[in-house]
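Okay, here's the structure, questions in a sec.
Letters A, B and C mark the chains in the order given here, with residues in each chain numbered from 1 onward.
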Amino acid sequence: MREIVKRILLAAALVAMLAPSALAGGKLLLGVAGAHSGDLASYGLPTVNAAKLVADKINAAGGVNGMTVEVVAEDDQCKPELATNAATKLLSDGVKIVLGHICSGATKAALPIYLDGEMVVMSPSATNPPLTQSGEYPNFFRTISSDDAQASLDVAYAKTLGLKKLAVIHDKGDYGKGFATFAKQFLDADPSMDVVLFEGVTPGAVDYSAVVQKIKSAGADGVVFGGYHPEASKIVMAMRKKGLDIPFISDDGVKDDTFIKVAGQYAEGVYASGPKDFSKNPLFIEAVAAHKAKFGTDPGAFFPEAYSAALALLNAVKVAGGTDYAKVCEALRTSFVDTPVGKIKFDAKGDAEGVGFSIYQVKGGKYVQVQ
Amino acid sequence: MSNATNDTQEKSFLGLLLTAGCDSFPQALWRSLIAAVWFVFLTFPIMVIRVNTIEHTVVWHWQRMGYVAVGIFFGSFVWRWLLARKELKKDAASRESKAESLLTRIQNNPTSKYLLLALIALLAVAGPMKFSLFGSKLQLLNLYQTNIMISCLVYIVLGLGLNIVVGLAGLLDLGYVAFYGVGAYAYALCNMHWGVGFWAMLPVGAVLGALLGLLLGFPVLRLKGDYLAIVTLGFGEIIRLVLENWGDVTMGPSGISNIDRPALFGIKLGIIGSTHYMYYIMIGLLVLTIFCVNRLQNSRIGRAWLALREDEIACQAMGIDKVKTKLMAFALGATWAGMAGVVFAAKTTFINPASFTFWESAIILSIVVIGGMGSIRGVIAGAVILILVPEYLRDFAQFRMLLFGSIMVVVMVFRPQGLISAKRKLYTYQAKPAGAANE
Amino acid sequence: MEYFLELFFGGLTRGSIYALIALGYTMVYGIIELINFAHGEIYMIGAFTGLIVAGLLTMLGFPGISILAIALVCAVIWAAAYGYTVEKVAYKPLRGAPRLSPLISAIGMSIFLQNYVMLSQTSDFLPFPELVPKFGFMKHFGSMLSSSELVIVVATVLVCVGLTLFIKYTRLGKAMRATAQNRKMAMLVGINVDMVISATFIIGSSLAAVGGVLIASHIGQINYYIGFIAGIKAFTAAVLGGIGSLPGAMLGGLVLGLTEAYATGYVSSDYEDVFAFCLLVLILIFRPAGIMGKDKIQKV
């Protein structure tokens, strides 16, 4: 029985190789779209590295059903209009599976094009809830949980810390403000906690001392911050230097080792929600080692999620026996795959099952999961 | 000076390349050496040393020093040669380049002019179509190329609009993107709340742009030159920040998605169909823009703009209403941005404030200046370079923007007047027969 | 009242940084009437050089205050070299070209330098060590003013006074003023205009580098993109004060910094930039040449 299956698969692979389709020349194109230049490049480039590493690994093991994986990287600078260009470029190039985009806004702009071209998209970092929850994009998957799940977890944790008056700060961005708005909703719903300040800071501003003074004068006993680590580290450092020693709770944009590196001693005690701890996962250790060997540096933001997404996509192609749209989607929803973020498959809406959030705290220069 | 010019002209191409800008070859060699050493010094800390302040480790990239030295040593020959060539052709350049004179000749002859126009029109219309020729399938533009052509056409329209303000009226506007954003948001919001269609919003976008242009124009009438530039920059930023922060109305930074693409007589098209449809709409809009701008340029108000650009006081002395003329320039320039914004929203189907930053204004301004201020053909050339080049540079991956920046510098250094400079209209009067002159 | 003072000191620090960068803008503009968009990038390169040098010295075990001094000197040297080279490559061949061409060249240069640093160093944020020592006497100020903030404010005041005296009394300063007034005439009286312009770029870039190192050490992080926003704000400050005027740049920076601080403190930081730009528009409507600028009399 197994022999027959093998033969069928082999025949299917041969047919796929001979067929003058997107798999021309026994190549499987893996599109990678995201910010590879501009101010948000530091969030996009790790994904490209992850895709390259996964492709190397799979190719070294004989490829996917005999096809060599080739990475096609397209830059969108996190701008919607460039994202549509990148998407049509990938569509024209005959790419069928795409890892990306990085920003939720760019993803939203590009998805209709992918949907029309029957391409499967998986983002390592687009956390905007409606992307999956609206059900408008059956071709969209992600290896990260959505913002509202995170916000409710953070607010619940703030309650266990016994905080009463919270200042909610965000970076005015799509991601940060979305998270902060959810956090505010959950806080407003809870009568025992008050939002004493809800404000946005300008990303990249020279300093944030005025906002910190405002948090102080509002009498907040805790800060919830939505946004990324550069702003978070600036605010935390300014708070601590001004002697404002209240809990700082943030999102997975801050749960990044760069945050600890940059904020140094001031990072101690900061809480951040992030994907469940996978630092002991052998695949994750292997991926980080491979990154160090090839690029000589530690991987950047969203690297494990991107690495997992690339593995999941390629595994789905393998299981589906080709890049047929319906089959790949089916494979993603039904078959489990081992990835650095754990053993995952995807639910009907496209969110990964087995990926969840937990709260971390910086202790001794490391993020430690809080029980 | 003329002697030296003759000398250099007599030298062979290679000889000129080796000694351009210097007295002798050894001197050129010396100068290249100095340049190489200087750049090695200059790039030393940033390119060679990579310090990790957390783990206290240093990585040295010595090989990069070699690349810089070799690159600059040979590059400096080319640089001096190009500079010398520019100097040599200075007189010629201020008149016309070869390509320009060819264009002028074609334009002066009605037959060749219409032939050329017909050819361009044919190519433009046939662009995205598939047809078979001698058995082989032929398609000038595939879907991706059609898509970036649409972007390019949008930027040509924006460039032509800004050209009215900057090129013709000489008012430096760094916040032009505000009008573009308002057009886009107007369509997105009306479409979301009331389902207003694309065709209804196109003229509304234009009117909104014009009104906003007037609104901006009033307070800045007294400002000149770079003061005007910074106020318009501030205006652009204010509009963007309001779009970003006024979440109840504009949906804030998360933007507006699912904007309708234009429907063809009520039929909704797929992605390929609507991209092609959009392409033809933009071709139509571009033809309309070129027609209007061309007519405006040669009209009474167009000549008033030119006069205003050259000298404000003399212009007023000639009886031109300064206030009216300036406001007209702002309003008419903004009109096209409003329309382009509506098209942009319909094309991407998703907008957020991130598309309307200061960089966008800077790129549109660069299109106008690199193309050649005040020249319609120039603006088209500028948009093609600045919008299509980064797309075709995608193969260079992370070096894309580095090359883009250097191309901007190089084009400006070697063609400061722009690629195709504007030509002032010449009126030639032929002497009439003696009898008429004596009357 | 304490809240008011706290905001005041915050705004003062921010304004001082704007002023330091704005001085470079204003000097270049005064002499060749060019908005040097690459100036913010020079500030960024100064900060990066400072980080690299400070990192090396820390590893070699130099004592605290000497690191600050050496890092500052190196940052100034390299930033000045970059400023000088940028002028020679991107602006000098454009003398006598249409007025907007150098502006576009400057925008291109700014894109180039940003990507150059991103590719050579990293796209990530890097931590910047605290180079300014904590002064004992600063305890009295509590949370209002930290030592690094004090250093920034004092350095700005010193630089501004020094520069004003330099422009007023030295030979080179006089040559600069002459060139700013009328370049042709300056040439006729024997001033080496090329040299004066180079000197302007060198001085302006050095000031930006000082600002870069001090502010990076104050906020503790840098990346390749920090020059852009700082540059735009400094440019706004320079125009607000009257572009071409040194005390104007100082005043403009302070007004801008304080406006932003109070807008954040008493209204909302969502709209701090809106307030800053509205103030700019208002001031320019009533004083079209900026606060300290002189109205040029236009001749026909």
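Keep in mind that, in the parts below, contacts are C-beta pairs under 8 Å (C-beta built on N, C-alpha and C of every residue); 3 or more make two chains touch, one makes a residue touch a chain.
As the structure is a computational prediction, the values presented were derived from the model and not from experiment.
Colleague: Please give the pair of chains with the highest number of C-beta contact pairs.
Modeller: That would be the chain pair B-C.
Colleague: Which one chain sits nearest the middle, judging by mean Cα positions?
Modeller: So the chain nearest the centre of the shown protein is B.
Colleague: Whole-Å distance, chain A centre to chain C centre, using C-alpha means?
Modeller: Centres of chain A and chain C (C-alpha means) sit 37 Å apart.
Colleague: Mind checking the centre-to-centre distance between chain B and chain C? Centres are C-alpha means, answer in whole Å.
Modeller: 29
Colleague: Of all the residues in chain A, which ones touch at least 2 other chains?
Modeller: Residues 37, 41, 45, 172, 200, 261 of chain A each touch two or more of the other chains.
Colleague: For chain C, what residues touch not just one other chain but two or more?
Modeller: Residue numbers touching two or more other chains: 115, 122, 126-127, 270, 273.
Colleague: Can you list every residue of chain B that touches 2 or more other chains, as numbers and ranges?
Modeller: In chain B, 54, 245, 398, 401 touch at least two other chains.
Colleague: What residues of chain A sit close enough to touch chain B in their complex?
Modeller: So the residues of chain A in touch with chain B come to 36-38, 41, 45, 73-75, 78-81, 84-85, 88-89, 91-93, 104-105, 108-109, 112-113, 116-117, 128, 136, 172-174, 177-178, 200, 261, 296.
Colleague: Which residues, counting only chain B, touch chain A once they are in their complex?
Modeller: Residues 54, 59, 142-148, 151, 244-245, 247, 252-255, 257-258, 270-272, 275, 344, 347-352, 354-355, 391, 394, 397-398, 400-401.
Colleague: Show which residues of chain B lie in contact with chain C when the two form their complex.
Modeller: By the definition above, chain B touches chain C via 38-39, 41-43, 45-47, 49-54, 56, 58, 64, 83, 86, 166, 172, 219-220, 222-224, 226-227, 229-231, 233-235, 237-238, 241-242, 245, 311-314, 317, 358, 362, 365-366, 369-370, 373, 398-399, 401-402, 404-409, 412-414, 416-418.
Colleague: Mind listing the chain A positions that touch chain C in their complex?
Modeller: Within the complex, chain A contacts chain C at residues 37, 39, 41-42, 45, 172, 199-202, 204-207, 209-211, 213-214, 216-217, 229-230, 233-234, 237-238, 241-244, 258, 261-264, 266, 297, 300.
Colleague: If you look only at chain C, which of its residues touch chain B in the complex?
Modeller: 29, 33, 35, 45, 48-49, 51-56, 58-59, 74, 78, 81-82, 85, 89-90, 93-94, 97-98, 100-105, 107-117, 119-122, 126-129, 232, 235-236, 239, 243, 270-271, 273-274, 277-278, 280-281, 284-285, 288-290, 298, 300
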